[in-house]
Each structure stands twice: as C-alpha cells, then as structure tokens.
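Single-structure report; data block below.
Letters are used for the chains, namely A, B, C and D, taken in the order the chains are written, and counting of residues starts over at 1 for each.
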Amino acid sequence: MKEYFALIFTGGKSLIVGMMITLRELFRPVVTVQYPREKLPISPNYRGHTILIRDDEKPLKHRCISCKMCERECPSNCIDLAGEKREGVKGMVLIKYRLDFTKCSLCGTCVEICPTDALDFSNEYQHVGFSREDFHYDLLAMVEEEEK
Amino acid sequence: MESKDSVIAAFKKIPVTVEEVQFAQRGYHLEITLEAGQLRAFAELLRTGNFYLSFVSGLHLATGIEVSYQFANYGFPCRLLANVGVDADNSVPTIADIFQGANWHERETKDFYGVIFRDHPNLKPLLLAEDMEDLKPLLKKEKTLKDRAGISRTEPEAQPTPAVKEDA
Amino acid sequence: MSAVMNTGFLPPELLRIIFAVVCAIVIVFGNAVVMGYLERKLAGRFQRRPGPMEVGFHGILQLAVDGVKLVGKQLIVPKQTDKVLYRLAPIISFAPAIMPLVVIPFSPKLQGRDFDVGLIFILAVVAINVLAILIAGWSSNNKYSLLGAMRSVAQNVAYEIPMLLTLLSVILVTGTFSLRGIVEAQSGGAWFIFLMPVAFLIFFAATLAETNRAPFDLPEAESELTAGFMTEFSGMGFSLFFMAEYTYMFIACSLTVILFLGGWSGPPLPYGEYTSALWFFAKVYALLLTMIWIRWTFPRVRFDQLLNFCWKYLVPFSLVHLLVTAVVLKL
Amino acid sequence: MTTRAEKGEQRYVLNMGPQHPSTHGVLRVILEMEGEYVMDPQPVLGYGHRMHEKMAECRSWPNFLPNAARMDYLAALIYNHGYVGVVERLAGIEATPRAEYIRVITSELNRLQSHLLWLGVLVLDLGAFTPIMYTFEDREKILDILEDVTGSRLTYCYMRVGGVVRDIDDKFVERTREYIKWQRSRMPMYDKLVTGNIIFRKRIEQIGEFSPDMARRYGLTGPVLRGTGIPYDIRRAEPYSVYPEFDFEIPTETSGDCMAAYLVRVREIEQSLRILEQALDKLPDGPFMAKVPKKLKLPAGDACYTVESPRGELVYHLIGDGSDTPYRMKIRVPSFSNLSLLPELCSGMLLSDLCACMGSLDLVIPEIDR
C-alpha cells in the first residue's frame, strides 16, 4: 500500500519537474534560423561541388592541363573532360569539363590527385533544378564566366 | 575456458589444426581450419565458453567455396577465425540451432554464395529479393579466382611489402 | 433581448435560440482557428523554434491557408471501405460538438438556453464522439484505424466514470444540474477548486483522456498506429475530426471552468452582465494552454497503464472523495 | 487459460511496413497479432541493400572510402576509421600519432551525435515531441565543428590510409572544449525531463529481457549488451588506435531491459566527453599524414580490424591478393546481429513495447542491409 502512494508523489513530482523545464524553455530565445531570410555563414572548408580554380597568371585562366587523372580516379566516374592539341601552345588545352554532380559522392579524390592543384571545392550548397541535367555542371564555362 | 591457452587445449579434443596468429598483424588471435563434419562439435564446444558468433562469411577460391566463422569472447580477448571447406554438394551443416544469431548470417551467405546450409530453419533469401535466388553476386569469374596460397600472407622478408615504412 | 421587439412571424424565444446557435457555430470555428494557431505557435516555442511564420504576420493566416488546403484536397475514399459509414463518421463526430455550446453560460446574460439538466445534456452529447471514432475506425477498413478505434472506446468508457464521480461531488454541494445554478453557487468567490482541489485534478485528468489529448493520446498514436482512426481520412474528413477534437477540448475546459473555477465570476467589469464572459474565456484558454503545455512535455502512456491509472487510481480516489464530501455535507 | 487460437480466433497479420514512423528507415516487420499483443514479429530486410561488399571488390583502396561512410550515416567517421585501420593493418602502414589522435577525437564526436540522435528518437517513439528538438540543438553544434574540419556534415570522407585529409586547428580545439562544457550543462536537464519522468520510466522499465545467454546466442554487442551486465567494449576489450592512452570507464547495468540500455548510453555520452577532453589535452604535434605511395598496392593476406561503433562491434575482415582491389571484404555490422534477436525478444509483447524495444536497439537500417 505504501508504494501505491509513494508512486503518486514521486510520479507527480517528476511530472511537475518536467513541466517546469519546458516552461523555462518556452521563454528562452529561439534557436532555429529562418532559412530563406537569415542564412548561416558557411565554413570555408565546406565541400560543395568541385570547381576549377581561377588563376589569372595562366593564359587559360585555370591550371588544368587535361591529364585526365581525376577522370580515371573518380570512384563514381562522374567527370568527363576533353582536351585538344593546339599548335603554338605547349601541352593540351582543355575544351570540355563536365561534372555530373548527381553521382558525385564528394570524396575529394579528384581534388587530391590533381597534379597541378587545379580543382577545389566550392561553397555552393543550394542546388535547385527541375531535371537531372541541371546538375551536370560545366566547370570550364564557370571559370570563364568568372572574369566578366 | 578462461584464457586463450585453455581454449587451445580444449580444441585438442576435436582434432583441429589451430594456428596462433599475431594480433597486431592480423587482427585476430587464432586461425582454425575445420572440416564440415567437425563444425557442429566445434560450435557446441564454443557454446559452453563465453563465446559469441561475430560473423559468417563466404570466400570463393579456385579450390571451391570456403565459409569462415568468426567467434569472439566477452570475457578475455580471444578472437578466432574458423575456415571450413564446403562439401561436395556445396553445402555445410548449419549452426543456427546452437548459435541462433547464425540464422541470418547463414541466410546472407547463401544469398551471396549459394552455399546450402543443411537443415537450416528457413533458408529463404534475406537481403536479395525472392526472385533473385540464384544471383549469387559475390562469386568470382574464372580468371580472377585465386587459390588459398594466392591470398595468404607471404613472409615479409621474402617479398618486401611495397608500402614504405613510416620512418619518423 | 428583454424588450419585446416586433419580430414579425418569429416568436422572440425562437429568434434567441437561432442567434445562440449562430454564436455557438462562430465560437466553434473561431476556437478551432485560434486553438490550431496557438497549438503550433506554442509547440514551436516549447521546442525553441518560432512556429509558423510564413503566412501573414507571424503566421496568423496559417490556419486559414490550412483550411483552404484541407477543403481543396480531393476526398479520397479507399476502395474496400464502407462507403456510407466512411462519409458519416466525421459528421457524427463534429455535429454534436456544437450542441453543448448552447447550454454553456458564458456570462449571466450570454447563455443560449439554460436547462436544469444542462450538465447531463453535455455529458450525453460528448459521449456520441466515441461512437463516431468507432465508426471511423471500423469503416476505413484499415488495421491501424481499427486498433486506434478499439483503444479509444476502452479509454473513453474507462474515463467516463471518474469524471462522473467527481461531478457528483460538485453536484452534492450545489444541488442542481443547471450550469447557471452551479456557477451562482460559486459566486461568492468560494470556487470549488479551493474546496476540492483533488476533485479538480481528477476531473482535469479525466477530461484529458476523454478528448484523447496529451499523455493519453493513444487512439491516434503517431509512432505506433501511424494516425490511428484518422489514417484513411484526408481533406474535409480529417479537418472535421481536427475541429471536433478542438471543440471537445473547448467544451471540456469550459466544463472544468464552470464546475471548479467559478464560470464567469471574477473582479467586476463595466457592463458586468455581458463583459464577464471575458473572465470565462480567460480561464478556459488558460486551461487550454495547460493542455497544450502538457501535450508537448510528456511521452505517451501505454494502453494498459492508461486503464490501470484509471481503475486503480482515479476511480478509488473519486469514490473516496464522493464519500468525504457526502459526510462533510451531513455534518 | 485457453489461448485465443483454441477459441477459434484467428491471428491477424499487421504490416509494420517499409514506410512506418517508428522504423526510422526502410525496415519492414511483419507482426502476427492477437489483439494488441505481437505474437511473432518477423523483420524483412533488403529494402536498402546496395551490395557494398561487391562494390568493395571492384574499387581500389582509396575509392571505397565514400562507401564506408554511407553504410551507417550516423557513425560515418567510425566506419571510415575501421576501413582505414584494416587497410593499414594489411599494408603494414602506420598512421602518425597526431593522425590517430585526430581520428579518435572525430570518432568520439561522431559517437556523441549518434547517441544524441538516438536519445531524441527514442523519446519521440514514445510520444514526447519536445526532447528531440533539444538533442538536435546539441547535435547541430557537433555537426558545425565537424563541418569545419571535414567539409561535410553527415557522410564524411575525412580519413585516408596513413592519416587524415586536413589538420585540426586551434579554433577546432577551442570549439570542442566549449561544446564539452555545453553538453555537460545540458545532461542534468535531460535527466530531469526524460530519465526522471514517471511516464517515460513506466514505458521503458522491465520491457524486453536481454539476458547474457541470449547475447551469446545472438552475437549481441554494444550498449544493449552492456545493459545485461557484460562490460564488453572493443575500445577496452581489444584496444585499437590510441584508445589505451585514455582512461574511461565502461558503464554497465545489470537489469538487462530497455531502461538499462538507455542508462548505459546516457552514461556513455559522459565517457565520450571524458575521452575527448583527454585526447585534446594530449594531442601531439607532428605530421597528420604518413608518407604513402600514391598507387597503393597491398600484399596478399588477410586482416581484421574491430571498432566500437555506437551500436556495437564493427569488424572489417579484408582478404587481399596483392592487386589494388581487395579479393574479399566482409563487413560485420552490429545492428544486423542486434536485430536478429527481435523475434525471440518481442513475441508476446504489446505493440507499443515493440516500438520501445526497437527504439532502444538504436537501429540504423542502411547499416543492416549494407
């Protein structure tokens, strides 16, 4: 009989204590961020999709020598690049660099393995698109656009 | 069975070749090769000790499919790997009635390798769909098959491991 | 109302009743909107998030937009359901919710019609909701809804008893079932909550269970029965259940206020006859906020614990309480 | 008493289907029910099966890392640590001391956020909607800290064979210390709000009897096992990486029910904080990446590497044949064995207790299906 009543008092007390906590939390400031209006600063090391680094000294504004190391090493082969030989220019000239971001798992193999450190991660995290092709990024076009 | 040596002693009863292995190099303590017939006796012996079944995994070798059982001990560090050759008709006795945990592991190994576990409670596919029963994905093609020697560790002096030792 | 107006062909009493019913409907829908909004806002605030902010200032129009969405949704009637009962269930659940509001005395003047058996009338009407839930659960031909419906029947039947017993101890004191009579009995500031706090707690717990709220919300237990008896309802069916639940909460809280917190009595206000309804609404909404507060703090009780709590704790205590009040009255 | 079957009442089959609020992933449990009582729960697996073991056989050593993180997204770094450990053990490569410390620090942070999510989700399964928001607030702090150094928030690809990708800087260390203080101040609040709550205790105590013998028969590991009284934790039983250099206890309970598993995990949060503190104090300087040949070729042979994941013992059994892809990679996942005892554990239970049991088993379904 004794624990019958003991249970009521301990139980009741624990219920009250629980409610006091939520009451205290009720009057505390809000923690969440209203995403479309307020945006959190993204850390510089954040891994968005890979981009070609802009390098103004180089004639072509990027350092890629289209050696296709990244294309070979990528685990989910989502890189498709092509280079061509132009006379009067030493080495290959990059003409196409398409990244299929739907298959990329952001493992960073391409960034590490690139002999001329031409690739890096962008801070882009808002990917919106209506079709799969919207996520096939053309990195070469992105680098050239940058200069405008 | 309180310590590793008493475990090795206990294995003398069922004649199994027990090979003590360097933990730092291999990650487990004892490597045991068994015949399919001794498997149930081996499992019953381990059941008496404080052992639990860690996993059951298949291995497709040139000489046929091998099933390896890994047991570990809750009390003292003794992780043992028992390799069992598969019988002629590609089957091995089940230990699902001794270690019930083996039920799912064996079903999964059957999914991937097609090893039949004799008188297993219900040997239906577990991870693969019902109609993919004979897919057996982990079986290797002829040319990539290796035999037991091909995958066993040759002594480091004979063939220096290509990895560069960290010379800090 | 007092002066005899030329009401043409309608007798004044009928006009008064029609006006009361219209007010009741306005209160039902107004309460559903306000409660829906309060529930989301407070739920957010309890969880340190702002709650709806998108539509209107601080999400004021959120409920209106939800209403439009629910009304706009296509009424999907699953194939093997019992067509008639499936459409009838939400109506049976929502229709009786309006009737008690005619009887509840918001203030000395603002009351639809005062029955001298007002309390029994309300309890009878509220009991219909159990039937509606059972019909909904059975007719939607879904195992989860049937489970939810079975649970709610057992729960409502079980918690009816402590509710009635605590009511009886109040009636013993007031001697009348008429709600106005009960409130007038407490007018001198001697609210029954001070005389019988235990009865108040038991009654409040029982109302929580009656309206399937907070720790006793087993009929629509999200994590076990997906949405309990409401699983197969979408669009207007779901919104009718949704509004019915809030109306029953409103009725339950107003009953608690009338019985224990002295109805409309409170410090005098200008035009006391009408404006004391503000005290009534203030107390009711205070209780409603506590219901929301309880909902967002406690986990759900298991089904057998729910019944044990009722039979082993609430019923004996309310019986003893009834006995004690009877003895005290006799002295 | 005559069972319902004799009285001619049939059992009905309820489908706790692949998409159900309390299975947290694509797990289907077929329940044979008698009224509210679950007579025979049969889990059906394979909805999230991606055949990681075959992928391992076709990918070179560094390429399998993103896979390792996607098997158990709540303990991705711990799975990375296991995979990288087994490759280093087979190749005979030693990671630098600083890299090992960084691995332990990030793994413990990963374990903390997994336990926090488990705490919120267990109470959510029992019907309380608020505590999960508080645990998410704490968890966000860990995710921000890890995002700064690894670049991602859930599925990490941070560890490499021989070390880690990026070094941790002072800002990381200082933010982690701040987080430790914050988390310690939050634990009493969880104690009062959840552990003390009478309704929660009644829903958890004496539910599901995990006995040591059942653990042996099913290969149960992890906090649920420690709830039955067996102090078996890989970080102590078979120490790997630099865990021997920290002193921390292994919290155990003896009552072997859902409450025991709950208490063990809550105390483990405190132990992980303690490990983090010691690891940050003893963090050595030096390189964070050992010299490893770009084209890694591993010798023939086999190796095992066992790691303590938040759900139990995780074993990578790797068999190499000298080429640059493994010959066979077996990944022993804790939840696979932990879930296999559900039929024996939960037959004859109420439906709501089944949810409580599954919540306290802390299941992550993609890990079970691999």
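In this section, a residue touches a chain if its C-beta (ideal position, glycine included) is under 8 Å from a C-beta of that chain, and two chains touch if they have at least 3 such contacts.
Small disclaimer: the values here were computed from a predicted structure and weren't measured.
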| item | value |
| --- | --- |
| Most distant chain from subunit C, judged by the mean position of its C-alpha atoms | B |
| Chain nearest the overall C-alpha centroid of the shown protein atoms | D |
| Chain pair with the higher count of C-beta pairs in contact (C-D, A-C) | C-D |
| Centre-of-Cα separation between subunit C and subunit A, whole angstrom | 50 |
| Length of the line joining the C-alpha centres of subunit C and subunit D, rounded to whole Å | 45 |
| Length of the line joining the C-alpha centres of subunit A and subunit D, rounded to whole Å | 25 |
| Length of the line joining the C-alpha centres of subunit B and subunit C, rounded to whole Å | 64 |
| Sites on subunit A at which at least two other chains make contact | 15, 18, 21-22, 25, 31 |
| Residues within subunit D bordering two or more other chains | 130, 134, 137, 193, 197, 199 |
| Per-residue multi-chain contacts in subunit C, two or more chains | 46-49, 296-298 |
| Inter-chain touch pairs (all) | A-C, A-D, B-D, C-D |
| Residues on subunit D engaged by subunit B in the complex (per definition of touch) | 45-46, 49, 51, 53-54, 57, 86, 89, 91-94, 96, 162, 212, 215-221, 225, 230, 232, 237-238, 286-287, 290-293, 296-306, 313, 315, 317, 319-322, 327-328, 330, 332, 336-337, 340-341, 344, 369-370 |
| Parts of subunit C lying in touch with subunit D, wherever the complex brings them together | 43, 46-49, 143-144, 147, 215, 217, 221-226, 296-305 |
| Partner subunit C, residues of subunit A touching it in the complex | 8, 15, 18-19, 21-23, 25-26, 28-32, 34 |
| Subunit C residues touching subunit A - in the complex, by the definition given at the top | 42, 45-50, 53, 293-294, 296-298, 313 |
| Subunit B to subunit D touching residues, read off their complex | 23-28, 47, 50-55, 57, 59-60, 68, 70, 72, 74, 77, 79, 81, 99-101, 103-105, 112, 125-129, 137-138, 146, 150-154, 156, 159, 161-168 |
